[in-house]
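Next come the structures, one after another.
Two complexes are shown next, each including subunit A; its partner changes from subunit B in the first to subunit C in the second.
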Partner chain A sequence: MAAPLTLVLIVAVTIRAVLFNSSLAELISERVEVVSPLNAWKRVVEGLALLDLGVSPYSGDVFHETPLIIYLFHFVIDYADIVFMIADGITAVALYLAVQDYNKGVFRKQKYALEADRYPHDCLELIRTPKEMYYIPLKVALFYLLNPFTILSCVAKSTCGLNNAVIALFILSTIKGSALLSAIFLALATYQSIYPLTLCVPALLFLLQRLYIPVNVRRPSFWLFTMQYAFMFLGSLSVIVCLSFFLLSSWDFIPSVYGFILSVPDLTPNIGLFWYFFAEMFEHFRLFFICVFQINVFFYTIPLSIKLKEHPVFLIFMQIAIISIFKSYPTVGDIALYMAFLPLWSHLYRFLRNIFLVSCVLLACSALFPVLWHLWIYAGSANSNFYYAITLLFNVGQILLVSDYFYAYLRREHHLTHGLYLKRRDGSEATLVLK
Partner chain B sequence: MGLKDGISPSSEALDAASRWEATEVDLNTVSYNGEKAAENLRDEAAEMYDSAHQLYNDQFEEELVIRPLHSGDIYSSFQFRTRWDTDFFQKGKKVTDYRLFPKSLGQVITKFSVRELHISFTQGFWRTMQWGQPFLSAPPGAELWVWFQDTVPDVDGAWKELTNVLSGIFCASLNFIDSTNTVQPSASFKPLGVGNVTNHKFLRYAVLPREIVCTENLTPWKKLLPCGSKAGLAVLLKSEKLFHSSFHSQAVHIRPVCQDWQCTSTAWELRQTLSVVFDLYTSGQSRREWSLFKMFSRTLTEACPLASSSKIYVDVTDNSQGELFEQSPASPILSQAVVLGDRRTYSVYDLLTPDTFGTPRSLNIQLRWKTSDAAAGLRPLLHGERYVAGYGLQTGEIHTLIYNNHPYRAFPILLLDSVPWYLRLYVHTLAVTSKNRENKPSYIHYQPSKDRLRPHLLEMLIQLPPNSVTEVTVQFERALLKWTEYTPDPNHGFYVGSSVISGLVPSIVAMGTNSTQEGPLFSSFFPCKEESTYFVRVYTEPLLVTLPTPDFSMPYNVICLTCTVVAVGYGSLYNLLTRTFQVEEPSPSLAKRLANVIRRIRGVPLL
Partner chain C sequence: MGLLSDPNRRRALTNLLTRLNTPLCVVCYLAGVAWFMGLAFEPFTLRTYMSENAMGSTMVEEKFGSGERALATAREFAAHKKKADGMPVDWLVKAMQSRGLEVFTQSFSRTLPFPDENKERYMVHGTNVYGILRAPRGPRTEALVLSAPCSPGNSNNQAVGLLLGLAQYFRGQIYWAKDIIFLVNEHDLIGMQAWLEGYHHTNTTGMSWTPLHGRAGSIQAAMSLELSSDVVTSLDLVLEGLNGQLPNLDLANLFYAFCQKIGVLCTIQGKLQRNDWDTSSGYNHAVQTMLLMVLKQASGRPWGDHGLFLRYHIEAVSVRGINSFRQYKTDATTIGKLLEGMFRKLNNLLERLHQSYFFYLLPSLSRFVSIGYYMPAFGLLTLILLLRLGSLASGTEDGLAEGEQASSTGVLSVLTPVVISHLTGMALFMLPVLSQETAVEHFPVSETEAVVLTAIAIYTAGLALPHNTHRVLTGEGTEQGWRVLKLVAVLYMAVLLGCTALINFSLGFILALTLVPIAAFVTPHMPRVLYAFLMVALSPGFTLLYCVFLYQELQEAPVSLLDGWNIFLSVISQGILDHSLYGSLVYPLLSLFIYPCWLLLWNILFWK
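Take a look at the complex of A and B:
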């Protein structure tokens, strides 16, 4: 299995290296779909230039990266291309290993269930075979590395690639069962962009499941482990934040990074829902709607974790997808991360309702983004509404994709307990509905 | 000695007569009887003035400089100076007794503890390459810079209030000055008066490039003059003519100056300047001639009775032999002054001498050109240009070109750029090149912008190589603003104030370094520290930059549509989270249900 992965890595690195050295690199790095004010490479360079001029990078409103990113690129600014390629490689390998481990676990569970004869007899079609599961880790790596979104994001040197690597390492360490590393990487991801905070619930659920601790509020062992994990997470988060403070000896980065993410002052167009909404917002409603939109990202965590408490990895996928749809400055790099998980759910394919429509919408929107941007910004023959319309459609597509996978997952679970070919009371073939 | 202009008219006349033998001076011209009475009145007024001057220690001078420009235009520059030997900030004593100094400004100085105040309103752009260097330059629109006393605790608060007060005094939109267009230059704007506070914490500088200057700004400006527009040179300032010109700039400068050459105590100086460029060449039926009447539709009949000096200077440097134009009435006095590094010759009309007005008691200076071809002027040594490069509404590049036209001397200049926050400058793209080589600035002061709070401030000290063009480029990104932040005509674009280029330019002739020495007002504004250089401030063009705009007509639609998408997300997840899968039992059809209702009534078993 290592050989195909190496081959994929080599192909991915070659594509990236070719693009880095072509004239397209500059064009890509200016695209608003690929870079946002939060992670644009131009702004990282600007921050370093400000530091060289003796000005705090956070005194202006151009630089919004965390101090650790400055510190990192302070040393490797000349090898930035390589750093971003390595980050993509790390993400792919981490996802590969994590998925491999997870699949082993899934297969083991399935085997026990089969031995205990827990599945209805007509569900054999739904049972996953080692043969189909064998290539899933490779497909995940392939989906991440050769996804055009990832390639664009890497060539634009969007620091989103680094955040993805941290999240992938967090998933890997969670699935491998290392609570400490999981907490550290989660703290790092949270430190980079706040939103991954919601991933602590699925991680906790997974680790509890792995240790056979039931999720029960009356059990002290549950509370003990939860406190342990929370302590590790908060401890490493405070260590990272204090380290950042000592790097620049000022707290300026807190309003400049987290205030910027949460209050959305920069309305540069992107593929998200925030920019045009808040450009057109009435001033006295702004605060209210900012709260509503930001809560939207965190809001789904609790109901989702109740519903999916037996399936923490699917919960991670759902959370990452929701973050990338509803975050304030989304880029295609964020989408690439959750899309890498799609091969993992390939067994849900038969229950997806509108995958064809959704893929068409996503493909058409991806093609229309640059077209309508050109018409608005350069040709002047369209206005902002055109670009806005396409961002709306793109987000509707993403929402349908995610909810479709959620539906399919729940439906498969339902079939696994109630049988695949359900009958009505009168014996005729039944259809399943949500009630 | 750079300045040879005497103080008293008689000594000057004699002095001039001895030097310029060609000029006929007849001081013994017989006055007509009718004028005698006026003369006596004038003498009385002068006596009164002298006694008042003793009492109040203030004096008022007015002057008008007329310079024919090489392009064929006429540059007229008025300067009115009020000097008051008083201290506004004496402890325990409030200045209440105003005579020549305008009370409104005096109160402003006292209330806001202002050390220096410079304000200018300009309509049109000064074309340095065609017109040469002006005596006092100003950027298009309104410019205000103020040094506060170092005792002011809350400079920003004082600045905010001061701009609002000045807005009222000058009937201008200075109240639009807020933190988003105010900067604190670290080096470009040094105090011009005496004093040793150079901490730029107490300096505020703002430009409103879009400010339109018109009559309503001129009227309050004229009201600050001791004689108003009733007498003296201010009679000429009629708005219907002044605003029918290529360039109009009016300014007020208040600063503390030395009372005498020892500088033991300070006096307050108020300079009101007004510059106007008329294009008489094209409007004068293709004949190149002008007169005071043609320019201002008025002639002069008297000096301001309160003025201790009232003079008109006509630049005749190019016409030393009278070969270019003919001047009438011929001036009896010639004077030389070193101004902007060049020795110029002026013929002087002293309005305090009754003979100047001639017999009908009306002075209408006329210049009639003999040839129609304009002479090629000297190129100004320092010159700046600016433009925006790039296309589309996403990014752009500001190019500033700075010309050093000196054939063999390099000199340093300070470039100040204040760019609004919605053009996000990327300082790492800053490039300074001269003669195709990188010219690294020896000093850079950069303050990045804060969204909706403060603008970018970029100050650089650049050494300009001789005979070169230095290009400063910096890239920017155009921000999308909230729909309420756009100006009423957003597609017109946004103005970016002029860059300020301040430099010490090598002088051709020795400059006078004694600032207390009496000289024509136009030559004595910027204090001169060295003989070999003189100070010049050049303003570049303001920029007009278009920004991407949202659709202003559909805030409701956008709010509805975006909320719908969020609701689709919420709805579909809510649906899946709260409902469970169930086998669908077919519901009986409507006809069957109706039949069952009837059957139930009839008491028959149901279908």
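Take a look at the complex of A and C:
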């Protein structure tokens, strides 16, 4: 399996290298869909210049990346293209290994269940076969590396690619069962953009499941492990934050990075939902709605982790998708990360209801973004409403996509316990309705 | 949400749509065309009105009275132009200086990718002369432009004369709050392009020009004047700019309002307005006017010197004097008054023109159709594609469930035609200009002919593709294969036409009229010869040919088949030139996207 992966990597790197050297790179790095004020390469370069001059990179309200990123590029600025390509490669390989491991686990569990005769007899067609699962890791890597969104994001040198790599490493180490590494990478991801904080719940659930510790608040072993994990996470987070402080010897980065993410002062249009809403808002409602919008991102963790506590990896997927839809400065790079997981759920295909419609909507919106941007900014004949309408449609499409997968997953689980061909009480064929 | 989640209702809806698909498609098509034709019917249109407050409520008294002197200047200019055999730069500089303007010149040069046979130019050198009248009131951060082209031969002398006359008169007034730039540009659009690029410090087309030494503020509005006779019967308003962009409707309203006030006959597309909308000839007249506008807009080329201003967010129109055999005549003084009035109103602007519409069609100067009224016509045509997409998707999903093992070869058999037709499109886009030298060496043709004929040759060669490529690569096509390919092609076309129609409605609509029927009904199971003939007759190239004939017909200058063919050839060369000179998007759009998309459908017809 290593050979196809290498081939995919080579193809991906070639495409990126060609684009880096073409005239398109500059155009792409200016697109608001691809870079946000948070991760634009132009801003990183500005921060570096300030750092070289001995000024705090956060003075001037241009640079909003974390200190570790700026110190990373302080050393490798000349090889930035290669760093971004490597980051994409790391993400793909990490996802590949993680998915491989996860699939093994799924298969093992299925085998035990079959041996224990736990599945209803008409569910045999829902059983997953090794043949079908064999290519899934490769498809995941392929989906990430050759997704146009990832390519655009990499060519624009959006630091989103680095965040994705950290999250992918977090997923890998969680699935491999290493609590310490998982906590460290989670701390790094949280340090980068706050929102991955919500991923600690699925990670914890997965690790507990792996150690056969039941999720039960009355069990001391549950509390012991939770405290352990929380301690590792908080410890590494504080180490990283303190390290940043010692690097810059100031706390400037806290308001400049986290304040910037949470209070959304920069309303440059992007593919998210924040900019238009807060551009239109009266100033005195701003704080209230900021709180509502930000809580919205974190809030889904609770119901989803209750519903999906047996399926932490699916929960990770849902969380990443929700973060990338509702975060304050989303870019297409964030979307690419959760889209890479879609092949992993290819067995849900028969339960998906709107996948065709949704993919048409997403495709059409991706084409319409630049057109409406052109009409608004260059031709001056359209206005921001046109662009926001497409943003809204794009996000509705994403939400439908995610909820469709959620429904399909739950429905498959339901069939696995209750049988595929449900009967009503009177014996006629029943259909499941989501209300 | 009910419809999306309730499987029973979904099934009912899908069944209904699948059963009624074909009749629905036909109804949609007819309804779309009928809607479009209805747009010219006066009760369905809105009367134009001035939206901009700053231009609406203020009264202006026009006092310009030196039309005769302007005509004398025009004759002097003509004499000097003849002597200098081109732009009389020194004379113009002196004339502008003596009228109290700050005068600057800009020289530019540009080598065309191949000779332009319509205007007989290849290596273009020229000079723009412009004078700035500094605003006595106001902070001088904004400017207006009045331009007149210095054309070869005997045309447009009066425009330059009137421009100088107006400059002299404007200099004496104290109410100007915006700088006024008087620009005489050589080599029409090329000069204009050089000047605009110089003014805005951009270089999008690789032209070489000397930097401008004098600038005024940001340009708010511009007018380009074309006058070739001492008296005119009517003034024609030209709106269509680069890529079908139109100026704000308020500028047209302003022109119309002043024509009414001063009593000048005004036309659009060279057609006078008529009041008998309820008769069939009156309706025909309105349809013709609107169709002319649609055709001009769809061409994507600037139809006057104003066309390039629009790209820089500057509202601009061209005003063209028409002299016909009609009795009613207007002299230069009256035209001067009209321009004075318009400039004084524009001088009152407090912000950029943005109140009125940017997307509109004009069946006459006093009536307009806004985007909300004309988009449904296009929407009905796209609905056909969506209906087809729906039925194809439900068909394909059933098929996929039956034979999943075929999916990997299916991807390859779909991907191959997609890639190959796009490569053909690339060839159509790049090769004609690149290979002109080779073609000239081997065939007895001029460069321009070589470019056009290469383009046509590649276009025709594309028709042979399905026989040679995908069969060799993937063998006999499967039933599943063409369905998936058609799904891809229809989706691609829907997105493509939607994007095109947003930027340039007319182009999108014309393409949709011819391409949508093919996309909706093509399958490999049809009588092949008949349908191949139909498909070729509805292909983008033939659409262009029909447009040429229709345009000539509407201009009331019908041409014979041979002349029409010659015009068609020159239209192709102009399209390629427009792309490389001004960055018009029509040629790349047609060759890189629309043509490959049509080739995909062509592939489906020859799938087996």
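Methods note: the second predicted complex is superposed on the first by the 433 of 435 C-alpha atoms of A that agree within 3 Å, B and C clash if a C-alpha of one lies under 4 Å from a C-alpha of the other, contacts with A are read in each partner's own complex, and residues count from 1 in each chain.
What we mean here is this: a residue touches a chain if its C-beta (ideal position, glycine included) is under 8 Å from a C-beta of that chain, and two chains touch if they have at least 3 such contacts.
All values reported here derive from a predicted model rather than from experimental measurement.
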item	value
Touching partner for A:325 - first (subunit B), second (subunit C), both, neither	first
First (subunit B), second (subunit C), both or neither touched by A:80	neither
First, second, both or neither for A:360, with subunit B first and subunit C second	second
Partner chain in contact with A:267 - subunit B first, subunit C second, else both or neither	first
Touched partner set for A:400, first subunit B, second subunit C, both or neither	both
Which partner reaches more residues of subunit A (counting touched residues only), subunit B or subunit C	B
Touching partner for A:278 - first (subunit B), second (subunit C), both, neither	first
Subunit B versus subunit C as contact partner of A:375, first or second or both or neither	second
Which superposed partner A:51 touches (first subunit B, second subunit C, both, neither)	neither
Shared contact residues on subunit A - subunit B and subunit C	378, 400, 407, 431-435
List of subunit C residues in touch with subunit A within their complex	4-8, 10, 245-246, 310-311, 313, 352, 354, 358-359, 389, 393, 397, 401, 491, 494-496, 498-499, 502-503
Contact footprint of subunit B on subunit A as seen in their complex	30, 32, 42, 45-46, 48-50, 53, 55, 59-62, 265-269, 273, 275-283, 293, 296, 300, 303-304, 307, 325-326, 376-378, 383-385, 388, 392, 395-396, 399-400, 403, 406-407, 410-411, 414, 418, 422-425, 430-435
Interface residues, subunit B side, partner subunit A - complex	391-395, 421, 424, 426-428, 444, 446-452, 456, 477, 479-484, 548-551, 554-555, 558-559, 561-562, 565-566, 568-570, 572-573, 575-577, 579-586
Subunit C-touching residues of subunit A, taken from the complex the two chains share	350, 353-354, 356, 360, 363-364, 367-368, 371-372, 374-375, 378-382, 400, 407, 431-435
